[in-house]
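Shared between the two complexes below is subunit A, which has subunit B as its partner in the first and subunit C in the second.
Right, the complex of A and B next:
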């Protein structure tokens, strides 16, 4: 059923508008949000692979040039899109479940932001049109700012404005690069652009083409929170509510992957492109872990670790072999699950004890043992401890870098994983194991059941993917084969 | 006389450079936002310039028109379609940034980014 392809965007978008319209009716918006949150992961499972041409305008052959071109915005739904949209749907369901169980009165505008962000990110993943991707990226950026501003954490407005100002430099640079591509190829459809490049209708070594590559790459660095934008991205995560931070990092990972795949299709024949990717991947890994090591705020620390993990994804794509690409995309799936688990876990602790400073915490294992165990396993997964999912993808990445002839990269990857483990052990000890400080007040409040349920689901996914990685890698390698 | 498209591209460069300077180096938040608006408009002007064709006609095909004449004379319509969307996105982004600036002005009583930062650091130290 190819008709379901646009429905994946239309349903959350319509739901967002309805939630905003009926924001005064608490029961209605809670019920609607819950129902749509269940539907979102089901639709990609029911849909067939294929293409959807908006307006029914199928590709045409130009009378003047004899070149095949796409006159309509095209959505492409393949195994990778199925995987990411399904996983995003699961995360949205868990986030909505936590939210409607945590608040007696649900906020229509807040749920609007969650569903509008979901629609935008789904469209970004499906689109085969680079300008369309830019538009939905901008919508997702506005949604992210709204989610930060809606949180109850101090300094949220400052972070939101800083993020927008940086985005207003990164976004137009991305658009300028898209404009240059439009100028030299006459199209914004990625398949058409790739056709023009592969048939030598565009000179790849021309300075204009290189400028387009540089500008789009710069814009992508901002969208993905890679250096030099890593500090603002980690601040964004730390200023959002715990469940929202989990969703925001999923948005970031999908944005990174979808724009990176588009760039890979267009620029992968440029020798400098792979070097740029690997360079920025290593920079993200090293800067992420270095900054996480110096943090005393555990929410900020997880934010920096999340940025470092993004480096592993980019590394896989940058190595440009079938196995490395599969490893990189598998790492993206794992990062979405593990980081969501940790953001929810650490965020709930911060909400309960009203501090996220590890110098002021301690002895929490006696009060929140279930939470501690789940956070511990999540942290082990992020650090790449067997047999969890993080181990599988990192092992694949190390094997890929060795087989590509870069043993030094695999050494850096191993060192970063060890450092991640050290950071995690340090923060876990400071929060849960060291003696409780006298001035730390533990409220007589239990961890919400909805939060425990969401974390348990994510934890089960970590363990299953760690034991049976082929469930995911089969889907990914099918897509990667087509990409190469 | 300077070619219109070339003049337009120079203007694009000028707007983007002024905008970047303002967004990065000027302390006043409103002036930063004005710089950002300059960058956005510069990029929009660039896209509009792409579709410009000297002596071109509006790309609307009317009954009775010769198809070959139309395709060789009409301006390229895609950039105009794109720039409309881009303007809307730019306007909404700017509106949200201005709203956030208002909130911060009420909180700090200043529009200076450095004074806001200093005030925040001071309150963190006091805690």
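Right, the complex of A and C next:
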């Protein structure tokens, strides 16, 4: 059923508008949000692979040149899109489930932001049109600002404003790059652009083409939160509500992957493109872990770790072999799951004890043992401890870099994984194991069941993907085979 | 400056890390930073082995003589908008320069 392809975007978007419209009717918006949150992961499972042309404008063949071109905005739904949109749907369901169970009165505008962000990110993943991608990225960026501003954490407005200011540099550069690409190829459809490049209709040595590549690359750094935008991105995560932070990092990972795949298709013949990818991947890994180790705020610590983990994804793509690409995309899936688990887990602790400073915490294992164990396993997964999912993807990445002739990258990846483990030892000891400080007040409140449920689902996914990685890698390698 | 004063200066630079876990984490960060950056320099051997050796040695000297790096490093990456904007503009300049003049030579 190819008709379901645009429905994946239309349903959350319509739901967002309805939630905003009926924001005064608490029961209605809770019911609607819950129902649509269940539907979102189901639709990609029911849909067939294929293409959707908006307005019914199928590709045309030029009478003059015999070249096929796409006049319509095109959505492409393949195995990778299925995987990411399904996983995003699961996360949206868990986030909405936590939200509507945590608050007696749900906020229509807040749920609007969650569903509009979901629609924008889904469109970004599906689109084969680079300008369309930019528009939906901008919508997603505004949604992220709204979600931060709607949280109850101190300094949220300042962080939201800073993110917008950064966006005022990154966004226009991305648009300028897309504009230059349109000017030299005559199309914003990625398939058409790739055709023009592969058939020498555009010179890859042209300084204008290289400039377009540089500008789009810079814009992508902003969209992904890679250095030099890692500081603001980690601040964004730490200022959102726990469930929202879990969703925001999923938005970031999907944005990174979708724009990176588009760039890879267009620019992968440029030798410098892969070198830049590997360079920024290593920088993200090194800066992310170094900054995470020095933090005293555990939410910020996870924020920096999340940014550092993005480096592993980019590394896989930058190595440009089938195995490395599969490993990088598998790492993206794992990061979405593990980081969501950790943001929810650490966030709920911060909500309960009203502090996220590890110097003021301690002895929490006696009060929240289930939570402690789930956070510990999540941390092990992120650090790459076997037999969890993080281990599988990191092992694949290390093997890929060794077989590509870059043993240095393997060593760096191992060092970063060890340092990630140290971060978790530090934070777990400081929060749960060391003696409880006298001035720390533990409220007589239990961890909400909805939060435990969401964390348990994510944890089960970590374990299953760790034991049976082929469930995911089969889908990914099918897509990668077509990409190369 | 005497060695003792240098040592005291180093201790004072770790303002927020007077606990065991804090100091251990900062030391880990310091070692991770140095080792990973030096390892990354080795990647330049794919361009030129001599260039890699020269940069590696130069970088090692700079890193080791400027220890502790983490306090300086942390202050450069705080939430100050000015610092963020500075590094954003520097990166934009770097990418465009590399792309424009070095586009096809790696």
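Here is the rule we use: the second predicted complex is superposed on the first by the 482 of 484 C-alpha atoms of A that agree within 3 Å, B and C clash if a C-alpha of one lies under 4 Å from a C-alpha of the other, contacts with A are read in each partner's own complex, and residues count from 1 in each chain.
By our rule, a residue touches a chain if its C-beta (ideal position, glycine included) is under 8 Å from a C-beta of that chain, and two chains touch if they have at least 3 such contacts.
What you see is a predicted model, and the numbers here were worked out from it, not measured in a lab.
S.K.: With everything superposed onto subunit A, say whether subunit B and subunit C fit together or clash.
M.R.: After superposition on subunit A, which the two structures share, subunit B sits beside subunit C with no clash.
S.K.: Touching A:169 in the superposition: subunit B (first), subunit C (second), both, neither?
M.R.: Both: A:169 reaches subunit B and subunit C.
S.K.: Contact-wise, after the overlay, does A:182 reach subunit B, subunit C, both or neither (first, second, both, neither)?
M.R.: Touch partner of A:182: subunit B, not subunit C.
S.K.: Touching A:160, do we find subunit B (first), subunit C (second), both, or neither?
M.R.: Touch partner of A:160: subunit B, not subunit C.
S.K.: Once both structures sit on top of one another, what is the angle subunit B-subunit A-subunit C taken between CA centres, to the nearest 10 degrees?
M.R.: 80
S.K.: May I ask you to decide whether A:221 touches subunit B, subunit C, both, or neither, giving the answer as first, second, both or neither?
M.R.: second
S.K.: Of subunit B and subunit C, which one touches more of subunit A's residues?
M.R.: If we count touched residues of subunit A for both partners, the winner is C.
S.K.: Identify the partner contact of A:73: answer first if only subunit B is touched, second if only subunit C is, both if each is, neither if none is.
M.R.: Neither partner.
S.K.: State the minimum pairwise Cα distance, in Å, between subunit B and subunit C in the overlaid complexes.
M.R.: Across the overlay, subunit B reaches subunit C at a minimum of 6 Å between C-alpha atoms.
S.K.: Going by the contact definition given at the top, which residues of subunit A touch subunit B in one complex and subunit C in the other?
M.R.: On subunit A, the overlap between the subunit B and subunit C contacts is residues 165, 169.
S.K.: Considering only the defined contacts, which subunit A positions touch subunit C in the complex?
M.R.: Contact set of subunit A toward subunit C: 159, 162, 165-166, 169-170, 173, 204-205, 207, 210-211, 213-215, 217-218, 221, 227-232, 235, 270-272, 274-276, 278, 282, 285-287, 289-291, 293-294, 296, 358-359, 406, 408-409, 411-412, 415-416, 419, 422-423, 426, 429-430.
S.K.: Which residues, counting only subunit A, touch subunit B once they are in their complex?
M.R.: Of all residues in subunit A, those touching subunit B are 64, 131, 135, 138-139, 141-142, 145-146, 149, 155, 157-158, 160-161, 164-165, 167-169, 171-172, 175-176, 179, 182-183, 186-188.
S.K.: Which residues of subunit B touch subunit A in the complex?
M.R.: That would be residues 16, 20, 23-24, 29, 32-33, 36, 39-40, 42-43, 46-47, 50, 71, 76, 78-79, 82, 85-86, 89, 92-93, 96-97, 100-101, 103-104, 107, 116, 120 of subunit B.
S.K.: Spell out the part of subunit C that touches subunit A in their complex, as residue ranges.
M.R.: Going by the criterion above, the answer is residues 16-17, 19, 21-22, 24-26, 28-29, 32-33, 35-37, 39-40, 42-43, 70, 73-74, 77-79, 81, 84-85, 87-92, 95-96, 98-100, 102-106.
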